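Alright, structures below, take your time with them.
You will see two complexes here that share chain A, one where it goes with chain B and one where it goes with chain C.
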Partner chain A sequence: MSILKAKAPRSREKRLDTMNAWQGSATAVAAELAGEATVQRIRTFSQSSQDDLLYALQLLAGIRNSVTVVHAPRGCAAAGLYFQAREPSGRLIVTNLDERDTIMGADLKLRRAVTALHHRYHPEVVFIVSSPVVAINNDDIQSVVEELHEELELAIVPVYVTGFASRNAVTGYDATLHALLKYLGGPRKAREANNRVNLLAVAEHRPDLSEAVRLLSALGVELNVLPDGAGAGTFRDATSACFSIPLDQDTEDYLGVSLRDEYEVPYIEAPRPVGLGATGRWLAAVGAALGLEEKARFLHEQESIAARVELAGFSLQGVRVYLGLATATAFGVLELVQEFGGEVVGITVSHLDQLHRRRLEELSVRHPDLQIHVADGQPFEEVSILKRLTPDLYLGDSAHLGQLGRLGGAVVSLEDAPILGYRGLVSLAGRISLALRNPSFGAALARTSPPYHDAWYRRSPNWHIKQEVK
Partner chain B sequence: MAHHIEASRNSCALHGALAVVQSIEGAVPVIHSTAGCGVQNYFGVTRLNPGSDPFGGPPVSSSNISEKHVVFGGGSRLREQLKNTVKVVKGDLYAILSGCATEMVGDDVPAMAKEGREQDWPVIYANTPGFRGASHQGYQLAVKAIIEQLPDLGIKGAQGKDAGLVNVWGIVPHQDPFWRGNLEELGRLLEGVGLVPNLLFGPGEGVAAWQRVPEASLNLVVSVWGDQPARLLEERYGTPSLCFDSLPVGAAAGHLLRSLIHLLDLDPERSEAFLVKEERRLHAYLAGLADTYYRAGFQREFALVGESAQVAGLSDFLAGTLGLSPRTLVITDNPPDYVRENLVTQLAGQVPGFPTEVAFTEDRGEIADLVLAAKPGLVLGSSLEAGVADRLGVPFLQVSFPVADRVLLSRGYAGYRGAATLLEDLGSAILSHFHAAAT
Partner chain C sequence: MSEKKGKHIAIYGKGGIGKSTTTSNISAALAEAGYRVIQVGCDPKSDSTTILRGGNDLPTVLDTLREQSKVRIEDISAVGFGGVLCIEAGGPVPGVGCAGRGINAAVELLQDLKLFEEYKPDFVLYDVLGDVVCGGFAVPIRDGIADRAFVVTSSDFMAIFAANNLFKAINKYAPSGGARLGGVIANSVLLPYATSLIQDFAAKTGTGVIGNVPRSMTVAQSELYGQTVIEAAPKSDQAQVYRDLANFIDKNEDTVIPKPLNGPELKKWAREWGDRIFEVDAGVVHEMAAI
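Up next, the complex of A and B:
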């Protein structure tokens, strides 16, 4: 049966054994994921972290000419203000459920909101995003979607997220991509591929996306970029592309695999193009798929030479580095750091699952003792780990870098910094050099009172990670 | 029935309560809700208020309930989270703040707080699901919880009244992007006339300040959101209040202080000397600006979008001192009905013979329509109004939440210093626009 028939995809935990709480060596985690059943672990002390609703909002903020209706109390759309400030592609509305709505249900309110916004903004597509309140109440979004779709002749896409059914926020990307393809992909049809290539990009920074487009265009490839910056029609077009290439397999896996399984669009496996080696392999994968191996190799050589000139002897020789990043980015940056002679002493990644098995097996051969910590937004654990490892440089994409900067090492945020391809590398190297050169800001931060008790640092960092008792 | 809102700028009750707790030094919030609630606040409030990272930084302790807890209840999860928060995170006061999911499930949050207190932990709670309202309601719920529950912690109660101590209410941290600067200036003014300000939020304001709340001899309220705490203190401790629904900017600060002097029977000579000095300095600043003011055409019709107290305070200064014409005033914080009429009366007739439109809405689309239709020569609002000002081709200043493009640390628009700061910011916006137009 088509996976798109379902209302929402199964959670990452159920599909891919995804875990978000772990600390141990590369060998141990590789063994864990290779085993029969991965044991889910939970935290007995936790700090707030991303959830599927937030990831859905972030992804949908990048869809052109759309209106996103968050069917929830007002706070569930708060982060949307921020995503909109960065990428103002569509409109964001919250149905503003009050106490009465949580008891009586609020289908009517949703119906009114969609109708009013349709008449006001005439968007190409309206997204309805569910929320914890709606999931608990089991409000009937589906009949609103079906009735208004007919009545208004409008594309309406429901995105079913709950905020609690999965511990892994990345489930929110899956749920959103599932809905986008289900409602905007159109019916299955006889395969008639055009010569366009789907470039899959989820919540990438604009300069990173531009770099990927620049490189693929240099190979003469015509692109269909999605979901970032896509319009409603882009998803239909994507079903006729000659193949799909990812920028980040963690986030785009669901889209790539669904396009392959539902519409027979081949999905090319390729690493995240971070650092010279991986960018070369990423280009080679595209080259191989198009029969342009030579051209891709030549482009990589030319770009590498130009990048090395700009890097002007950039080196991480003797620098001990810690990474706290979304998983695919972490593995990419790990390789990048090693390319420049640096030593990665440990990594914190947002999640690990079956998609990372091969990568972890490689790591467990080359760096069996590398400390791997799996956490999304748990700085109390990271601070404890960093106090033990005392790295010279921390590269991270979280919102809690202030807590890490005060420990004395140099800190570079990759959250809003370009890192992809050759230009991303040059930009990142520049930032790293600046951070290593002058640590005075971290020293100033260290003068403020630290948030955690000293006793906490005497515990092992994974003290609060326990096996879940069902 | 609450209506849907485009790009709501008032967040939710949980986030308002979080802002309260995070703005008190040594207070630690413990969210009992789904994992994303704290991050929603971080992205949707803190990040749009650059420079407002709470003490210790994000993220906050949060029970991150999962499906199991939605089905079977999350009380035991909260018990575990509270116990471990006290062990891991330093704090003088731990405040459990419940979110929508746990309130719908019906977790007994007060019982968990009580259990904590029985362990001698300083724990309070507030039921703050987002469906109970916006950040302003969250401010009220959290402030009420602290006032009512602090005495239960076995900490000494009121030790009689302190004649000079004044509690300041109504500035909602984070929701007022200038909260620290505004409070600091109000504190400076109170000190200037010989009083002791109890500002309660910001650097140096910890649990000890809150313990002194009952001892104050007066509540000074500078927005409608401070009415409720002031009333609560009148009932509990008989503390009288002096209430304004407007932030005092420039001359209004003198009016406020003179009312205080009269009410508290302060030494008039000392106070008057202070006030005259402050006024003289502001007037000297105004004189220094005169050439630029006339040359660059400061006199304009303006649209102002912001919270009730801010709109009232800023427009009073802009119309009453700076000679500008308030064209359209949009009030975004949904003030209660009992002040709306008063606000409209006060704001609609600031410039005799000139009609000022006063509107109440927090919907981005409606606000854009109002401002565009008014065709003002100057727009003051949040970063959500930047596009509108751009379309109108007029100078623009970000003054209300969200302020995505400004770093605000000690800046404020309250008082005499705030009036001078507003002149600097607004003047710079007009001047750079004027120069750009000339080239």
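Up next, the complex of A and C:
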């Protein structure tokens, strides 16, 4: 059966054994994921957490000429305000479900909202995002979608997220990509010869996306970038492209695999292009798929030479580094740090699952004792780990970098910082050099009171991570 | 979602109307005819499959989910009469939670466990409480879980009222891929007018009665033995009634979208029947009626 027939995809933990709580060595986590059944860990205390609704809103904010209707009480839409403040491609509104709506159902309210938005903004597509309330009272979004689609001749895409059915917020990307392809992909059509490549990009910074486009354009590739910045027609075009290449397999896996399984568009598995080696392998994968191996190799050599000139003198020799990043980025930066002679003493990643199995097996051979911490929004655990490891440099994209900075080490925020390809590398190296050259900010922060009580540091950082026992 | 195998049928009805007895006997008759059958009780009372299992205990899906992180099919199912695989969705602790969402979670779990792919049933019967047709209890007829729905009703007004409510739900969801109605099963038919009343209701709502199940001592007796009629009294007339129903469900796949009566229409219809029954009872002879 086509996976797109389902209303929504299975959660990440069911589909890929995704876990969001763990602390231990690379060897142990590799063995856990290689085992027959991954045993999920739970946190008995969680400092903060994201949910699938938030990730859905992030992704939809990048779709051109669209309106996103959050069918929820008003607070649920607040999750999308952060993305709305960052040059979104689409608009966001909320149906403001109230007490009466939760009891009587609010199909009519939703119907009125979509109709009004259609007449007011003439969007190319309207997204209806469900919410925890809808998951409980089972409001009939589907009927609204089908009736108004015919009545208004408008593309309406329902995105079914619950906010609670999965512990892993990344499920929200899967649910949204599922809906986008299901409703905008259209029927399978006869393949025509073309040179069009799907560049999969979910949540990249603009400079990073520009760098990826620059490199692929240099290979003479016609690009179809999605879902970020895509319009409704982009998804239709994607179904007849010659292949898809991801920038971040963690977030784009569902789209790449669905395009492959439903439309026979090959999905090229390639590393996140972070650092010289991985960027070279990423380009080589595209080159191999197009029969342009030589051109890709030449481009990599030229770009590497130019980057090395700009990086002259940059070294991480003797620098002990800790990484706190989204998983694919963390593995990319880990390799980058090692390329320049640095030592990674530990990493905190957002989640781990079967997509990382091969990478973890490699790590368990080369760095069996590397400490891996799986957490999204748990700075209290990270601070405790950092107190023990005392790295010289912390590279992270957490919203809690201030707390980590109070330990005194150099901290570089990768949030909103370019990181991909050769230009991303040069930019990142510049930021790292600056932070290492000027430790006074960290030293000043270290003189402030520590973020947590001593009692917490005396406990093991994984104090609250337990194996679920029933 | 796992691949859907077999014919998935939801049977609704007001609580206490004999819906579980009817469903279990249909399951037993289908199994007797050589089909692989799964019966899923979607009622927090969790007694749908009791008479298929000789009255033995069976942990419900939700109770098991509450106690174990990993649930296997063996933990939540029992093989009953004729090899019918019995499952009870169960419900939350009384007074808390959402029973409708519980049904949703239970059905999702069965799909995750690839039950239908691995057991390869010919029929899956969902026995659903029909008093409350809120979003949760409508789950089996939404989202493509069941293909067809049947409603069990007696001639009592409240049972008809519940059936009419179910028709409203089917009417709402069928256009967007929900189940359509296979027909009405008239149950506990005893008094002479009952059959006509239910048939008239079916005709008024654009549906049809697929079988009349008479009130019978055999049913009560079999239930006391913890068995279906098919098992306890296989040669009885009552067993044949259930076999005929099973045969109809097997062979006839016609469905309709019912046209439920609105509030005033239903009241008017009920009043007319009230008058008619009174007249029959009182022996009223209308003018010219004897000519």
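To be clear about the criterion, the second predicted complex is superposed on the first by the 454 of 470 C-alpha atoms of A that agree within 3 Å, B and C clash if a C-alpha of one lies under 4 Å from a C-alpha of the other, contacts with A are read in each partner's own complex, and residues count from 1 in each chain.
Criterion: contacts are C-beta pairs under 8 Å (C-beta built on N, C-alpha and C of every residue); 3 or more make two chains touch, one makes a residue touch a chain.
Just so we're clear, the structure is a prediction, and the values are computed from it rather than from any experiment.
*Asks:* Using the superposition on chain A, decide if chain B and chain C clash or fit.
*Replies:* fit
*Asks:* What is the C-alpha-centre angle with chain A at the apex and chain B, chain C at the ends, nearest 10 degrees?
*Replies:* Nearest-10 rounding gives 90 degrees.
*Asks:* Which partner does A:Q84 reach: the first (chain B), the second (chain C), both, or neither?
*Replies:* A:Q84: touches chain B, not chain C.
*Asks:* A:G105 in the overlay: touching chain B, chain C, both, or neither? Say first, second, both or neither.
*Replies:* The second partner, chain C, only.
*Asks:* Between chain B (first) and chain C (second), which, if any, makes contact with A:K14: first, second, both or neither?
*Replies:* A:K14 sits against chain C, while chain B stays out of touch.
*Asks:* So in the superposed three-chain picture, is A:Q354 touching just chain B, just chain C, both, or none of them (first/second/both/neither)?
*Replies:* In the superposed model, A:Q354 contacts neither chain B nor chain C.
*Asks:* With both structures placed on chain A, which of the two partners, chain B or chain C, ends up touching more residues of chain A?
*Replies:* Counting residues of chain A touched by each partner, the higher count goes to B.
*Asks:* Per the contact definition in the header, classify A:D139: touching chain B only (first), chain C only (second), both, or neither.
*Replies:* In the superposition, A:D139 contacts chain C only.
*Asks:* Could you say whether A:A6 touches chain B, chain C, both of them, or neither, answering first, second, both or neither?
*Replies:* It touches chain C, and chain B stays clear.
*Asks:* Tell me the contact category for A:A37 with respect to chain B and chain C: first, second, both or neither.
*Replies:* A:A37 sits against chain C, while chain B stays out of touch.
*Asks:* Look at A:A113 in the shared chain and tell me whether it touches chain B only, chain C only, both, or neither; answer first, second, both or neither.
*Replies:* first
*Asks:* For the overlay built on chain A, what is the smallest gap between any CA atom of chain B and any CA atom of chain C, in Å?
*Replies:* 5
*Asks:* For chain A, which residues belong to both interfaces, chain B and chain C?
*Replies:* Correct list for chain A: 136-137.
*Asks:* Can you check the complex and tell me which residues of chain A touch chain B?
*Replies:* 42-54, 69, 72-85, 88, 91-102, 109, 112-113, 116-117, 120-121, 132-133, 136-137, 162-165, 167, 169, 377, 379-380, 399-400, 402-403, 448-453, 455-456, 464
*Asks:* What residues of chain B sit close enough to touch chain A in their complex?
*Replies:* Residue list for chain B touching chain A: 1-15, 31, 33-45, 47-48, 53, 55-67, 69-70, 80-81, 84-85, 87-90, 99-101, 104-105, 129-134, 365, 383-384, 387, 402, 404.
*Asks:* For the complex, which residues does chain A have touching chain C?
*Replies:* Answer in residue numbers: 1, 5-7, 10, 14, 37, 40, 105, 135-140, 142-143, 145-147, 468-470.
*Asks:* Name, in rising order, each residue of chain C that touches chain A in their complex.
*Replies:* 1, 3-4, 67-70, 98, 100-101, 104, 112, 134-136, 138-139, 142-143, 172-173, 175-177
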